[in-house]
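Okay, so here's the structure we're looking at.
So that you can tell them apart, the chains are marked A, B, C, D and E in the order they are listed, and the count of residues begins at 1 in each.
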């Protein structure tokens, strides 16, 4: 599935403008801090409204031409830069939140699979506030994947993980990219990560 | 100044126990997610009380032997894993919070110097909620440095920064380490960072 | 289970009218449902069309208002009771005053205050003001009153020593151990202290008129007399 | 320990207070939500209207209710002709009075909690497939729970203490509208009734203490996830 | 537009309400803080005591004040002998009554906000060199500001509407204790006094609307940093 993005958005006193198309695979967004990477993901997810432009994923127009799909039908799996776990739900209920809402046919991963490769099965009954930084990050990844999305938006998803864990998760991301053929928009500053995962790199300029 | 740490702390159903001494320089804490790195920094800062043990920095006992100094006299500069900027103060007021509280003689950096090498001078009048992930991280670093601490605790301080910015900040950390001879406890999963900065590496086991 | 007629009655009648209702029920009638509140509140409820049978007001103006609103059944309005005003002081007080024209109430108060029900609003207060005016004492006292929400509240101010004197109904003073009656105001006050009663237009209860009649009966009057009310 | 009459008064107070608070809860939440989340012309007016029962002496509120919901009032006539229902002299009228008096307190408490919700969590819920409605039920509402519990306690306590509006609107009818405060008023009218007053006042206090303990227990049962920790 | 007498009543109401709310603010904040932050035996009792004026009919509260602060009461005697001061029949007594009635509302609102503070920010302040006291003033207090503003509005509105406790405690003395609700009550007792009631009630509403607008303005002036955004 192809991604076709051309958006403009004013934030404070600067304007974020990007335009790129990409085939299937993992597209790494690369650029300095504050360049607008998170803003782009938020626009694709439907959490931030572009001032003008369009966002198309495969055949579907998410935004533009008078269309502005609400986030819940865009089917994006968004791993936020800041986690955003639901503080009032235990880890298990965080993980199944999107899973339970998805059509069974749309799901492509079970809770057991997710907890296994993320190494979070011992955390299922914990409250989010008791998690370490890396633990919370892994739960956030699991929550997004379990919702059975058609496109993944990952904002520095591996930043607080150790090398071993990082390797495991990258393997899964590769499988998602290659076997499920899901388009992935991926923000990272880690050279090694990008070199290993990215099908292509889009520079987001200052 | 030497660091001498020997602490034990129960968190949930596991016990975090570490013991290490280190001379001056930068000590990298290395270990898998959930190993207890953040907990150790919190204990050094005085935000988490060890169940037993001691914490000594140079001649000063921060904890142990019946002593338990409150955080505000420990003079630690703590860059938190999750930022923790004050949401009700603009960036400038966040940066000067500790600066204004420090004895003039204890300060070793001015606001101008900090904003310059962190590249945040254009953000001074912004509210924290408008900052991007990397921008917030840089402000948090600046806030900790400006308080004129005697020891730095840095929990993945560079995780969301691009390579260029990261290089700049690492240069400054090196200067702090070598010229000011401040002991630094540093948590990172980035090999390159650790290789470049660390005087020694302490493994925090599972 | 059938209930008796609905009676709206001034709060100062609480004990006496409850006793009367019990006596009536003891004769095999359904016990009347009595709501005690300020006459003003009850009158407004009647005017708003409340489904009640009998209204007993603590003064004439509110009964007039109800009548003017066309809520009274013709020919059923009558004076049920009278009352007397008394000057009271805390039980421990040694004050002596004789109530007569120009009696030195103002001087007796000194810098302190005279407790009474709100003289501009509440019936008992209006009566007190009229009585003092007639005795020529009001102009001196006017600036020294402590107008309370109702007679009971005025009584409480005296009971608690907050005011050295108060003017309340004889019936209230009669029942309180914490105050002493210093003197009784002449019965011939103007306007006279009278509790009018009337059947209401909205009345549907078949025993409403009978209960009203019972209140005026010998047995009914005896009960009110025992509580210190005077027959009108 | 309690006479049957006193039991009756307590039961009535519980019924009136309980119905008032539970019936008001969704309305108050809706108002709190609108006031917290939307800016629109007339917002201050709406806010002012909500505060009205707090500002006006209760007797005036009761009088206004009487004018509107009395048998001759517009709302009263409408209720009568459509539902054959009347609030006059009925416990339902007492519940209405209590509800209106509790409204401003309930709205404010919930509004504070709603304003404290991290709205980014609602965005996260949406990306996970939740409709606005589902996100409201599964995220916003649970996060506003502290305010809802506070509203329940405040509203119930206020209802248990409501006097002026009730006696003015629905009078002081034994077994129907004579709740605890009205019974206390009646006892206060009797010289030497202080013992009775004390007794009834203690009952009021016990009732609301019960509500308080219940709410603390509920808060503790659900607070796990909301706890903020010092690291 | 207003007669001098009406101006006097408005001024008195403002004075009583303003003094009551401002004087109660620190006490209420302290209570809210203790109830929000500490667990100790007797906590529920303290919480219940704070709620008391809400639960008891106002007349009973006024009666209790009379017993305590009257010339024969313990508190009254103490005030008299130490300060030569009396609250009886004074506007200060009216302010005390209003303060006590406003207390539970103010405590609850502030408690909700205090419970919502992210305590890790206080920890951050400490590592930056702030004493507990300084961290309180520079972090906790500003973060609790929404609750403080809500408490001010609720408390002021409640004071402006306070009737039962005031008239019972300090009676209805023109120029000294006759605040707006007491004047309204007097007017309401007189047949045909409805026009006057309406006039005075409108004044009450205007006063509290003013307070409301002021608080919204203050909230807007300071809200920048607390805003939660949808991304």
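Please note the rule applied: contacts are C-beta pairs under 8 Å (C-beta built on N, C-alpha and C of every residue); 3 or more make two chains touch, one makes a residue touch a chain.
For clarity, every value in this text was computed on a predicted model and none was experimentally measured.
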Practice prompt. Could you tell me which chains make contact with chain C and chain D both?
Written response: E
Worksheet item: Computing the C-alpha centre of each chain, which chain sits at the greatest distance from chain D?
Response: B
Worksheet item: chain A to chain E: how many Å between their CA centres?
Response: 50
Response to the item:
Chain-centre distance (mean CA atoms) for chain B and chain C, in whole Å, is 79
Worksheet item: Counting only residues that touch at least 2 other chains, which ones in chain C make the list?
Response: none
Response to the item:
The positions of chain E in contact with two or more other chains are 59, 63, 120, 123, 164, 185, 188, 228-231
Fill in: Multi-chain contact residues (two or more partners), chain B
47, 82
Worksheet item: Quick one: in the complex, what on chain B touches chain E?
Response: 45-47, 70-72, 74-78, 80, 82, 84, 86-90, 97-98, 101-102, 127-129, 143-144, 147
Worksheet item: In the complex of these two chains, what residues of chain B are touching chain A?
Response: 11-12, 31-34, 38, 81-82, 126, 130, 132-135, 137-138, 155-156, 159-166, 189-191
Worksheet item: In their shared complex, at which residues does chain D touch chain E?
Response: 44, 47-48, 51-52, 54-60, 63, 104-105, 108-109, 111-113, 115-120, 122-123, 146-147, 150, 153-154, 157-158, 160-164, 180-181, 184-185, 188, 197, 201, 204-205, 207-209, 212-213, 216, 228-231
Practice prompt. Write out the stretch or stretches of chain C touching chain E in their complex.
Written response: 38, 40, 43, 61-62, 64-65, 113, 115, 118, 120-122, 145-149, 153, 156-157, 160-162
Worksheet item: Considering the complex alone, what residue numbers of chain D touch chain A?
Response: 120-121, 123-132, 134, 138-139, 142-143, 145, 222, 224-229
